[in-house]
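The structure follows.
Per-chain numbering from 1; labels A, B, C and D assigned in written order.
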Amino acid sequence: MIPILSTLIFLPLLGAIIIFCLPPRLEKSIRFLSLLVTGVVLAVSVCLVMHFDPAVGGASNSMQFVEYHPWLHNLHIWYFLGVDGLSLPLVFLTALLGFLACLSSYEIKERVKEYFIFYLLLMTGMIGTFLALDLVLFYIFWEIVLIPMYFLIGIWGGPRREYAAVKFFLYTLAGSVLMLLGILTAYFLSTPHTFNMLQLGLSGFDLRWQIILFLAFFLAFAVKVPVFPFHTWLPDAHVEAPTPVSVLLAGVLLKMGGYGLLRVCFPIFKAAAFVLAPVLAMLGVVNIVYGAWVAFAQTDFKKMVAYSSVSHMGFVLLGAASLTVTGFNGALLGMFNHGIITGGMFLLVGVLYTRAHTRELNRFGGLTNSMPFYAFCLTFLSLASLGLPGLSGFVGEFLSLVGAFKPYPWLVVAAGIGLVMTVGYFLSMIGRVLLGALNPKCVPYVDMNTRELVTIVPLMAIVLIVGFYPQSVLNFQQEAMQGLAHLFKL
Amino acid sequence: MTIQFLFPELLLVFFAVAVLFGSVSNFFKKFTPVVAALGLLGALLLLPAASQSSTAVFFHLLEADTISAFFRTLILIGSALIVFLSMGEPQIQEQDRGEFYFFILTLAISMMIAVSSRNLLMIYIALETVSIISYILVGYLKQDAFSSEAGLKYFLFGALSTGIMLYGISLLYGLFGTLDLPTMAAAVKQEHIYFPIFILSMVFVLAGLAFKCSLVPFHMAAPDAYQGAPTPISAFLSIGPKAMGFALLLRVFLGTPTPLIAKWSALAQWLAIITMTLGNIIALKQTNVKRLLAYSSIAHAGFMLMALAAVNASGIKALLFYLFIYVFMNVGAFGCVVLTQRQEVAQYAGLSRQYPFAAFVMSISLLSLAGLPPLAGFMAKFVVIAAAIQAKLYLLAIIAVLNSVIALFYYLRIIKAMYLSKTEIGGQLNSTVPHSRALILALTLTLLVNILLGLWPQGLMPWLSLSP
Amino acid sequence: MHIAHYIPLFPFLAFVINIFVGRRLKIGSAYLAVGTCVLSFLCSLKVWQGFLQGERSYSLGTWLLIQGKPLDFGIIVDPLTIMMLLIVSFIGTFILIYSIGYMHDDPRFSRYFAYISLFMASMLGLVLADNFILLLIFWEGVGLCSYFLIAFWHERPAAAKAGIKAFVTTRIGDTGFLVGMLLLFFTTGTFHFSDFQFLRGPEPVLTLAAILIFAGAIGKSAQFPLHVWLPDAMEGPTPISALIHAATMVAAGVYLVARCFPLFAAHPAALQTVAVIGGISALMAATIAVVNNDIKRVLAYSTISQLGLMMLGLGVGGLSAGTFHLMTHAFFKALLFLCAGSIIHAVGIQDIRQMGGLFSKMKVTSVTFCIGALALAGVPPFAGFWSKDEILLTAWNNHHPVLFAVALLTSLLTSFYMARLIFLVLFGKPRSELHAHESPAVMTIPLVVLSVFAALAGFIGSPLKEATGAYEGSQVMMLASTMVSLTGLGLAYLIYIRQMALPQSLLMSCQGLKQLLLNKYYIDEIYEVVLVKPILRLCQGSFSFDMKIVDGLVNGVANVTQFCSGVLRRTQTGLVQNYLLVQVFGVVLLIMWLLKI
Amino acid sequence: MIPLEHFCLLSAFLFCAGIYGALTRRNAIGILISIELILNAANINLVAFNKYLGTNDGLGQAPTVPSGQVFALFVVAIAAAASVVGLVLIIAIYRHAKSLFTEGFHLMKE
């Protein structure tokens, strides 16, 4: 049957090459073509989800739709793709956000051809990272994402775009080059020299090496997740990136860090994971509380949402550090939900930016009268984001807290404080933007047009569905998380 | 056996003489570059197949083994690319075009001989001819103050270092009574030689070779030479003599299974670290593109030395692979400087809109030099670091990897100017100006190699492997 | 087929319709809301009838897998739930009818009814939930609707701030609730209420869990530490204050404690805290209500006080007493708020010092207002008397003398400030020219119906009495509580109608105390200074820390490398001698290093 | 027969003189001359070693193969060529910088 995973990865690349050959003045057809490509990718990912058999699990053969071909055989690098419960939701998330962000890319007016070439390259890199099971292939896709993202932020970004783009590129690269060393050392230390993630999981390293390698990998993922000390690139990158790019940046790129943790760090370096789990949990809670505090003091809309992402990803880290089935479930579901919610939030920020050309919160006020639909969507997503039970944000956080409660009860209490702060800054944002008298400065803005609504409504629908019936997503990932947690059963 | 081995060189000699005489009449002058290129490609075809066994040839002065085969192909390819590049260079006027290509061909011949020589005398003669010709080529543009100053500085510095090397060789001759490298290596094992003088003479020899590879203590002349020389020549300096330098380092220091001097690995490791770091850090603030590329080539020399520091089979293979990719990356970058005739980084502002093809090739070459994954530079960096880690040189690997991050910064500065900056410096160039098709051909060739070899290095380098 | 789970669905349907097409429906949205409310009421009656025939709670299905065990949601059907269902839907219907008149000329008419229907849906859902997580979902939903409705007139900045204050304060309580829930889950392994009867003897961990769950109730029912949001919640429209901040939502805390009563009963320490917190809130709120001059604020503090009384009732072990008072309080407090609403609707101001002599102008409102006040004060025939009496009796029988005294003092103060309210607002001569007119019929009919129930609810008796054993009234206790209520009324009568010198001077002497009470014990200011200001400074500090230190480090590394680059560049002096010198020096260095000289 | 050590000493002395000259001379031609000194030092060494030590080429050739002297001849030839190129470059620089002293031409630095 057709290699479904390779089509998922290389379809956008094909689209990029086709656009590369088109003359730049055919803007409309370029936009349509890229929309078509991302649409087909979404369709393929949906049918992947449908054909995915949730029952297949267990540590050994948990991968489905496996593609295993020798690529550089005497360098022992294999073209090894596979999908399981861990990567399926994230692949679907990437495809969905890719399509919606492409739809909302209509606001990009200048140098359209280059924009969509970089956009489709970005898609290839992202999907590839989630599907690659060979460490070198994973690293190559991990770094392919950097170049297009640099150009997307650098060329179409806001006033300080160059600084933000260079900072993003160097920061992520500095983290990931250490991962390259980790990959190579793991290769030479593993008994049958191999880059294959699944086999590496079986070959035991001694504890000292495990900890060193765990830290090497963790550093690369920590920069992406952003864990506390390595997060300063996120607000700059978000504030300067154009809206569709920051949707992808928040919706997918942050997940690559978390995915890396669950796919590489935990299964391969089990003993080190066991030893370092408390540190991870501590960092997670610091993320939550610190992110909430700093977000509280923001006056820029996008920076606030960026810091709220730092806070949310703290829950993912806490859940993962609990090393329990519920914790892992909470971490993965938390990533999926955060992608959907924050993607939607950034789209909404974009809607406001196209009208007001500023992101200063104090500049707005009383928009509920002039933009009722916008008010409804923003309130809905903010509530989902602050973890209102009944919406998807809560489920992810709840599972992480339940998972983390047994090993670290006091950290969960601290996380509770973070939760209260989250409510504080989101509601104060709603108060400043939506409630209060209509700010004379902002002339009555026209409400969201149909295109903008089409990008937001599916995200809100998913938030509602996952909020009311989380088992719909959970039973896909149950087996994979079971297998993962089984490694840490005493 | 010797004649067959030397066929390519002889063919080149023939073509060199033809080019020289051709330059006499105006009618033939236009064809001299084409003739030169034909000569080089012809020689490429005549190269004997890479035989596994290594046999002494030409009265035990030359060696026909895999290393010499590889380096001879590399030098021919490099010279051909440089000929294509210099066709696009307006500064090389009509009247003395003949000598220019004559010099390039002779340079190629002497490098091919140096690469396959196993005798110190032959090494010295070939090295000296390469140096002399490169002094002339660097100072080629007599009416340009920069070129002649660069030429003189390069000459004085080069002459001193080769002089020191010669003195080292004479001492070695005194110690061993022979000039043949393998016999010397065998004699070293009997341990009856006077150790300090041996080390002193080996360091003197290293001085000569390190100057060619522009390793740190001996790199001082390189930046000025690269900046002053006409661009195709600085491109040639960064690939031709550098490859030859590393080939000679390989022969002299690593010819035998155990390195000639015991502490070679430590020496190479520290030299590599200093070279990489200094090259990268100084390159950060450069404003002249050629000077920046000079420092970047110094940094890459440090990377290649790292492969030599890992004294194992995969290290040498990594070095060869890295050199091959490095030739194409560098020719791509220098080619764009030739194409756009812009020396300062600021002048590159807005190039992506004025001449998209040049900007595209330049950024692909620079990103490949930086070692970013989809491109060939990454695979080269990957193999070299793998060799280093296999030899347990963890500190070296970490510093190399961090250096690649610093390196990315100054490569990005050029790309930023081309793509990101909204301002447009009114360059005299735009895509309508007619360009020599050869230059465009060379640039597209480098483009293909940079992209394809990144995805499928196996195709050209079947022998490349990580196996211990 | 059980219809209990349809009860919350009807109002939710009304919410969905109103939100999207409400603007076009105009008055239709109000009728839709009222209709769905009546439907829910009828379903509740059907459920009650079904309960009598022996139908019990049932499960809906698995919602989530936790620690491998399936967590399935279900509906719980027992007397407590049925009582709450009936109260909420019955009072809700009449308040909705009332608000048609009250909100008649409001631009966002349909949005108001949309939010109220959502509130009804989540409140009904809350009482039907059979496990903590489903309860938490509706619990937060109720909090959300109260936020929307408090900040309904968001043009007024005070309303927006009050909304945020309410949501954040309840959210603080909910965090404690969440942690308590998790603690409970990890010790007993279940979230379901039905598993409480298997609890063994008191365990310290479960006591802590119970107290933390009670923290959630404190937040929601505006008890002592977290009560600050309720008085500010009066910024919202008055029917909202009546429905949410008097009858139903604030009672959710009491319902939660009642629902987990077996857990609390098994741990006397937890029960004791409930009683103590209830007592403090009751007394404190009653004292503040005595001096407050805003008609809605007085009723708000009275609500906090009565809720404290209910908590006290539950705390002393009187499950049936607490719930009985909850039922009766819902009726007459909703009535009082609606009367206050119709008065404000008529006169336009809320300060009782400018009101007076409204009895002649607004007959029906005044009569119903008096009935409600008397019920609240605990005068014998009315509902308040019976339930308060039952609480006093339980407190006395279960040997809690201190709490009994607190309850008694609270009912004295309650009757005093209610009488003060009546005399200042309705009787005496008008203190400022007010052209008051009686409210339209659509507002007065609900008042009359509720007044009838406020009067007769006492005779229904506590719905849980058969469950918690027969309750025999003691004549002595009834006499005592009547005497207390009458003295309160008398005192107020002497001060405000007769303007007697002695009580007047008594009042003048304790001016300091009056000032303290007027400023609500300065609790708001304390919170502002102790909590809100430092947190804001902390956030500002952490943001600047983030910008300067963490970002500074990153940029610092970049600047250091740039600086080194600047320094090292100068080594290339351009002079040939220097180049040669460096080379020779390099050679010498290498030799010395290699020979280890 | 003059012992070998004298020759080595002489060549070492010449070598050091050359190095010293190259480093201190301000005049480009002066540097050129000192480099020639270094080359000649090497020549002396080569010829002396060939004469005194006799070559054991290890390749079975007769001990008296004059590889050292041949080498010296090559060095002389190449030194000549190098100095020609050097002088050409010095003349070219003189046209621009109007001075032979190394301080004159440092257009390219840093």
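Throughout what follows, a contact is a pair of C-beta atoms (placed from the backbone, for glycine too) under 8 Å apart; a residue touches a chain by one contact, two chains touch by 3 or more.
These figures come from a predicted structure and were not determined experimentally.
Novice: Central chain, going by Cα centroids?
Specialist: A
Novice: Report which interface contains more C-beta contacts, comparing A-B against B-D.
Specialist: Higher C-beta contact count between the two pairs: B-D.
Novice: In angstrom, rounded to a whole number, how far apart do the mean CA points of chain A and chain D lie?
Specialist: Averaging C-alpha atoms per chain gives centres 66 Å apart.
Novice: Report the inter-centroid distance (CA atoms only) between chain A and chain B in whole Å.
Specialist: Using C-alpha averages as centres, the distance is 43 Å.
Novice: Starting from the mean Cα coordinates of chain B and chain D, work out the distance between those two points in Å.
Specialist: 26
Novice: Take the average of all CA coordinates in chain B, do the same for chain C, and state the distance between these two points in whole angstrom.
Specialist: Averaging C-alpha atoms per chain gives centres 79 Å apart.
Novice: Please set out, as single numbers or ranges, the residues of chain A touching at least two other chains.
Specialist: In chain A, 170 touch at least two other chains.
Novice: Spell out, as numbers or ranges, the residues of chain C touching 2 or more other chains.
Specialist: Answer for chain C, listing residues that touch two or more other chains: 569, 572, 574, 576, 580.
Novice: Could you pull out the residues of chain D that touch at least 2 other chains?
Specialist: Those would be 19, 22, 28, 31, 106-108.
Novice: By the touch definition up top, name every chain pair that qualifies.
Specialist: Pairs flagged as touching, ordered by label: A-B, A-C, B-C, B-D, C-D.
Novice: Spell out the residues on chain C that touch chain D in their complex, using ranges where they run on.
Specialist: So the residues of chain C in touch with chain D come to 569-570, 572-577, 580-581, 584.
Novice: Applying the document's contact rule, which stretches of chain B touch chain A when the two form their complex?
Specialist: Residues 352, 367, 372-374, 378, 382-383, 385-386, 389-390, 394, 397-398, 401-402, 404-405, 408-409, 412, 416, 419-421, 457-458, 462, 464-467.
Novice: With touch defined as at the start, can you tell me which chain D residues reach chain C in the complex?
Specialist: 19, 22-24, 26, 28, 31, 102-103, 106-110
Novice: Could you please specify the touching residues of chain B with respect to chain D in the complex?
Specialist: Those residues of chain B that touch chain D are 60, 121, 124-125, 128-129, 131-132, 135-136, 139, 142, 145-146, 148-153, 155-156, 159-160, 163-164, 166-167, 169-171, 173-174, 177-180, 183, 186-187, 223-224, 227-228, 291.
Novice: In the complex, go through chain C and note every residue touching chain A.
Specialist: Those residues of chain C that touch chain A are 19, 62-68, 133, 136-141, 144, 147, 151, 154-155, 157, 160-161, 163-164, 167-168, 171-172, 175-176, 178-179, 182-183, 185-186, 535-536, 538-540, 542-543, 546, 550-551, 554, 558.
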